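Quick heads-up: structures coming right below.
Each of the next two complexes has subunit A plus one more chain, namely subunit B in the first and subunit C in the second.
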Partner chain A sequence: MSSNALGVPRSRHRDHPLWFLIPALAVLVVFFFVPTLFNFVYAFTDWSSFKSAINFAGTDNFTSLFSNGTLLNSLKVTLVYAVLVALFQNLFGLGLALLLERDTAVNRAVRVAFFIPVVMSALAVGYIFQALLKPDGALNGILGWLTGTEVAIPWLGSTTWTIVVVAIVHAWKWMGLSMLIYLAGLKTINEDVLEAARLDGASRWTMFRAIRFPLLAPAVTFNVATALLGSMNGFDIVQATTEGGPGGTTELLNIFIFRTFGQGLFAQATTMSLVLFLMVAILAFPVIRYLRKREDVL
Partner chain B sequence: MKNRFRSTLALAAAAAVALAGCSDPGAGDSDAGPADWPAQDADLSGTTLTIWAAQNSNTVPDSVIAGFEELTGAEVEVVTIPDPYEQGVQTKVATGDKPDLAFWQPTASQLTALNASQNLQSLEGAPWLDSYDPALRDITGILDDTRYAALITTPAVEGVYYNKEVFAANGVTDLPTDWDSFIQLARDLKAEGTTPFYEMGADRWATQWWVQVQLADAAEDGLWDRVNAGEEAFTDPTIQGAIDTYKALIDEGLFNEDIKTATFEDQGAALLDGDAAMVMQVNSFFGQLQSLADTEELNQKIGFFPISPSGNTGTFIPDQSNALVAFKTGDADRESASRQLLSYWLGDGYGDFVNAQSTVSLQPGVETPADVPEALLSASESVGDAAGSMQALAIANPDLYLYLADMIQGTKTPTEVAEATQAQFAELAKAQGAEGF
Partner chain C sequence: MTALSARRAPRRRLGQPIAAILVAAAVLGVPFWLVVATAGKDQGEALDPNLSAPSQWHLWENFATVFTDGRMLSAFFGSLLVMVPSVVGVLVLGSMAAWILGRRGGRLTAAIYALGISGIVLPPAVVTIVLLLRQLGLAGTALGMIGVYMGMYLSTVIFFVTGFVRTIPHELEEAARVDGAGPVRVFIRIILPLLRPVLATATILICLYIWNDVFYALFVIGGRIDTLPLNLYQVASAGLYLQNWHLIFAYIILMSLPLLITFMVAQRRIISGITSGAVK
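Moving on to the complex of A and B:
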């Protein structure tokens, strides 16, 4: 501010005294900094619904949480879920973007259709899929009609595969957003490069693999990072479809937090959300760093 | 410039911290002076009372409210708190939001969860206590020798709902008289090709009844007092044994084949259609049956008997729709009006209430309406000498049902179920400051 401020006319400083920042800053502090700060503070207390006093409890909550297998299981489930969502959401989004790349009237209409789930309520999506995937739900009905036999697959009842099914539902809801970002990325690729490749006789696959996909790097960075880190905070879709079942195999950390909070153990729930925050932070840096490195080709 | 910016920031941060403070906003004052009990018809014009209710209890007070408003001129508003009700109410109360009255599970663990001594009015010496059936008067609603909840309907009982037609078709004329004859009956039915038991593994919450009814004798013998004191654990032979037995019965094939995916709705339909002979459930299951069939059909098809290891003792588990609590709101007039509403509900208004709800009366002076189904009557008859459930007698209510559902799905062994339940119980007991944890 000191060195290049010399080039700026003095009057502009007078237009914007710093205390004008106070209203915005106050909102930021009250609704963002203080809650985040308290997320750290309460994790070290014994705050609960059972008594009114809040006492400092040291690292008690951390030791009891980590000695209890449920937290580690939830952390593992959350990670697996996030990776699966990132994978599916980007596969679906990229596939749709490539399919709907040309600006025809039909493509425009179809793009809108695929974007609708993004603006739908996640709980509504969850409940719709829960109804579709029931043993006597519509999906089994369609499969039964096609095969001519009675089909009663419990799609949400497998302790191994349900997490994949739920991740696909999550990816289905958000794939429209990934599609949109990939479409924007495809539009920025220089037509000359593609034309040169065509003249060199490159096949469509080679062109995608060697030119278009590497040039999509910024879109990939954004999509993978938001899908991965966003789904670590997942709650609504899983709560609506499985509530963490069957057998705790889809119990995301947020569902565990919700359950703990509901038991009145507010401090423990805060501790868990701190653990989740740290996990997202720890994961975010290397992932984003790696993805940004891929952009060096540009 | 920089310094001014810094001091502004520091000032704002300091103000925000001071504003938020480091205290529990749910903390209330704790003066527990002797309450007076106003006459049921005292004038309350201009007073508005709020009752919190759950989605399945928000129409319960209708007849009482209509009568009370006409009698006193008060206005009573029912606010529905969305499910999960208990968590919603606990969160609101923890942040300082309180109604005048609320439906609430009158058990020790749930009264503790609301921090009863701080937040709830004592109902000691209430005028309606003497009208109760003496066997039901002190059955629940009491924490640390203080009465905080008013029981309005019979608490739910864990026991066996059975299909009379399936029993008749298999030549069963005598109901089981203890656990051994109960299991023998199941084995006989299975040999005849009938599914003896139906469990809802996907909806999870009913799984715990199987363990709890096996603990009825031990509960009468002070099991939960020992668990509360940390002297006995879920992993000790009594409770672990009940979990093991449940698992063994499932492995033996006495339950429906789709136990992992079956839901609450499936369970009701299966018993009514005779696809299974028996279901271990509580009163809300009968509510589900009532939505599928009329009283006449239910009387013809469905019966109830309680079961325990040594005989036919039921296990009672009051739920949120059975009772009300009155909050300390800090406004003496409204607090007194809340007590007046309860006096009316269990006083002059009780006859209308029981008739409007078609429910069993708790007061010998008020007759139970004739259209209450037989199975519900049998269930409520067993309440008087029933043993307390974990929810009724333990100081904390761990997610036993969830771990048992995990066991049904195959992701936990019976030993792990007991360990997880004990760990959670200890965590909750410690948070409450219970001795021994």
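Moving on to the complex of A and C:
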């Protein structure tokens, strides 16, 4: 403490006592870090509702989940879902932001309307779309009316495409948030830069591709990161539309965890919870770092 | 150039609002109308939810049915019971920690800060939380649920508030300190009031998450305490089996009203609060 002579750091430490951290840290340790540590312990046990004792079981849970294919399937589904949600949510959000960019009364009202799904419960959104997407539901009704033929597409019954449909529903719920972030990003772009480009004869598309989109990098970072994290932890919308079906093709890790927990197979659920934790930990930080680096280049 | 834009402007001025309204009608209007129309039908008509208007509106009857059968009143207060203490708790504990983390330097502070905000990214260990709550005797209780939510969202508060604290000039604290105020007094009198804008943003976000959460609630308090999303899950799980779409959608309308009204009243502040945090 060489700078004690100046009196600044010492008094500053007394003025900002460490005990102010204790309540928050206590809550974090008890309700966040200890359960997370438990994950690393109980994933290697035979904890279940069928017997009272909990015994060490080595890597049995991992090998059984791995060999029956559920582990890789849930991992794959979760990753594909996260990427699709990030893609659609950003496409929709950016499209809306560009459509509603000018500050007119109509645009302001429409922006507010697009924020309503963000405020609604994701579970409710899922049920709405379950009804809308039934084979004899409203969407097929509209398509039939437009094409003049009977349309009965099983939107939620395809082992290939349903995951895309559900990802679009997820993006529908959150696109209003992405839109707002993009609108705020668009507003930060200097008018003079755009005016200069316009005088140079740049087309609207060139201006978007060469100037506006690159300058939106911070907004893209935020939107992609939140969309990826939100969908990797997804549950409500998938549970309300498909419950993981058809044939497990939309079974996110959280859907699996909820289902096996309900069956009393606690150790297996814990194992998957650990897998989710590791996946997010391994993926999130590099993704965020990559997106941040993209901002720096500009 | 000017002639060109002058020629193009009027067409855009007319085309853009029409496009905006059409997109909203197709993308939002269809699902929302489906909800309202189906919630207004009787069971027979609602069997296959479609976009036709109900031949006779039964909206109020359906509201009354789900209000009692879905135990909405108890669910509403259950939601409040877990949300309010969680939000107040994370705001107070989070800002206390963030004030120190924003003001002190050094490696220890940096390490605690990194741990403190790790929860923004890392998913909570939802299964072992249940085990821990059982060991603590908090399983199925409101207190347990509040603890879980606080553990999940403290990171968000610490992240937002620490960034904000660093923008507050030291002089404001010094002035109070010269008058003999201790840290508690400085925090309550000087810092907390200054944090109002950032705490408002955090409150909105966390309320949104907790009010609509069903995943963690299913694990911790499912079947013990009613909350609005939990009861929707019950109504819908039974309702889909019985094909009661009119009741599911009536429930959805009623449960969405509190947040929708709050949002409509405070929309400008909510929107600016959320966007200010995201794009620096």
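Going forward, the second predicted complex is superposed on the first by the 279 of 298 C-alpha atoms of A that agree within 3 Å, B and C clash if a C-alpha of one lies under 4 Å from a C-alpha of the other, contacts with A are read in each partner's own complex, and residues count from 1 in each chain.
Note that a residue touches a chain if its C-beta (ideal position, glycine included) is under 8 Å from a C-beta of that chain, and two chains touch if they have at least 3 such contacts.
Here the structure is a predicted model, which is why all the values come from computation and not from measurement.
Student: Does the superposition put A:Leu99 against subunit B (first), subunit C (second), both, or neither?
Tutor: The second partner, subunit C, only.
Student: Output check: A:Ile282 vs subunit B and subunit C. Expected answer is one of first, second, both, neither. What do you get?
Tutor: neither
Student: After superposition on the shared chain, which partner residues are touched by A:Ala124: those of subunit B (first), subunit C (second), both, or neither?
Tutor: second
Student: In the superposed arrangement, which partner chain does A:Val30 touch: subunit B (first), subunit C (second), both, or neither?
Tutor: Both partners, subunit B and subunit C.
Student: Subunit A residues in contact: does subunit B have more, or subunit C?
Tutor: Touching more residues of subunit A than the other partner does is C.
Student: Once chain A of both complexes is superposed, is A:Thr249 in touch with subunit B (first), subunit C (second), both, or neither?
Tutor: Touch status of A:Thr249: first partner only.
Student: Can A:Asp46 be said to touch subunit B (first), subunit C (second), both, or neither?
Tutor: After superposition on chain A, A:Asp46 lies in contact with subunit B alone.
Student: So in the superposed three-chain picture, is A:Ile189 touching just subunit B, just subunit C, both, or none of them (first/second/both/neither)?
Tutor: After superposition on chain A, A:Ile189 lies in contact with neither partner.
Student: Can A:Leu91 be said to touch subunit B (first), subunit C (second), both, or neither?
Tutor: neither
Student: Touch check for A:Leu72: first (subunit B), second (subunit C), both, or neither?
Tutor: neither
Student: Is there a shared patch on subunit A that both subunit B and subunit C touch, and which residues make it up?
Tutor: On subunit A, the overlap between the subunit B and subunit C contacts is residues 18, 21, 25, 30, 33-34, 38, 47, 261, 266.
Student: For subunit A, which residues count as touching subunit C in their complex?
Tutor: 12-18, 20-21, 23-25, 27-28, 30-36, 38-39, 42, 47, 96, 99-100, 102, 104, 106-107, 110-124, 127-132, 134, 136-139, 141-142, 172, 177, 180-181, 183-185, 188, 218-219, 222, 229, 232-233, 235-236, 240, 254, 257-258, 261, 266, 269-270, 273-274, 276-277, 280-281, 284-285, 288
Student: Can you check the complex and tell me which residues of subunit B touch subunit A?
Tutor: Residues 1-2, 4-5, 8-9, 12-13, 15-17, 19-20, 22-24, 26-28, 84, 86-87, 90-91, 93-94, 112-115, 118, 201-202, 204, 258, 260-261, 399, 402, 405-406, 408-412, 420, 423-424, 427-428, 431-433 of subunit B touch subunit A in their complex.
Student: Inside the complex, what are the residues of subunit A that reach subunit B?
Tutor: For subunit A paired with subunit B, touching residues are 1, 18-19, 21-22, 25-26, 29-30, 33-34, 37-38, 41, 46-54, 64, 68-70, 135, 154, 157, 159, 245-249, 259, 261-268.
Student: Any idea which subunit C residues touch subunit A in the complex?
Tutor: Spelled out, the residues of subunit C in touch with subunit A are 16-17, 19-21, 23-24, 27-28, 30-32, 34-35, 38, 48-51, 89, 93-94, 96-97, 99-101, 103-104, 112, 115-116, 119, 121-132, 147-148, 150-152, 154-155, 158, 173, 177, 183, 186-187, 208, 211-212, 214-215, 218-219, 228-229, 232-233, 236, 240, 245, 248-249, 252, 255-256, 259-260, 263-264, 267, 271, 274-276, 278-280.
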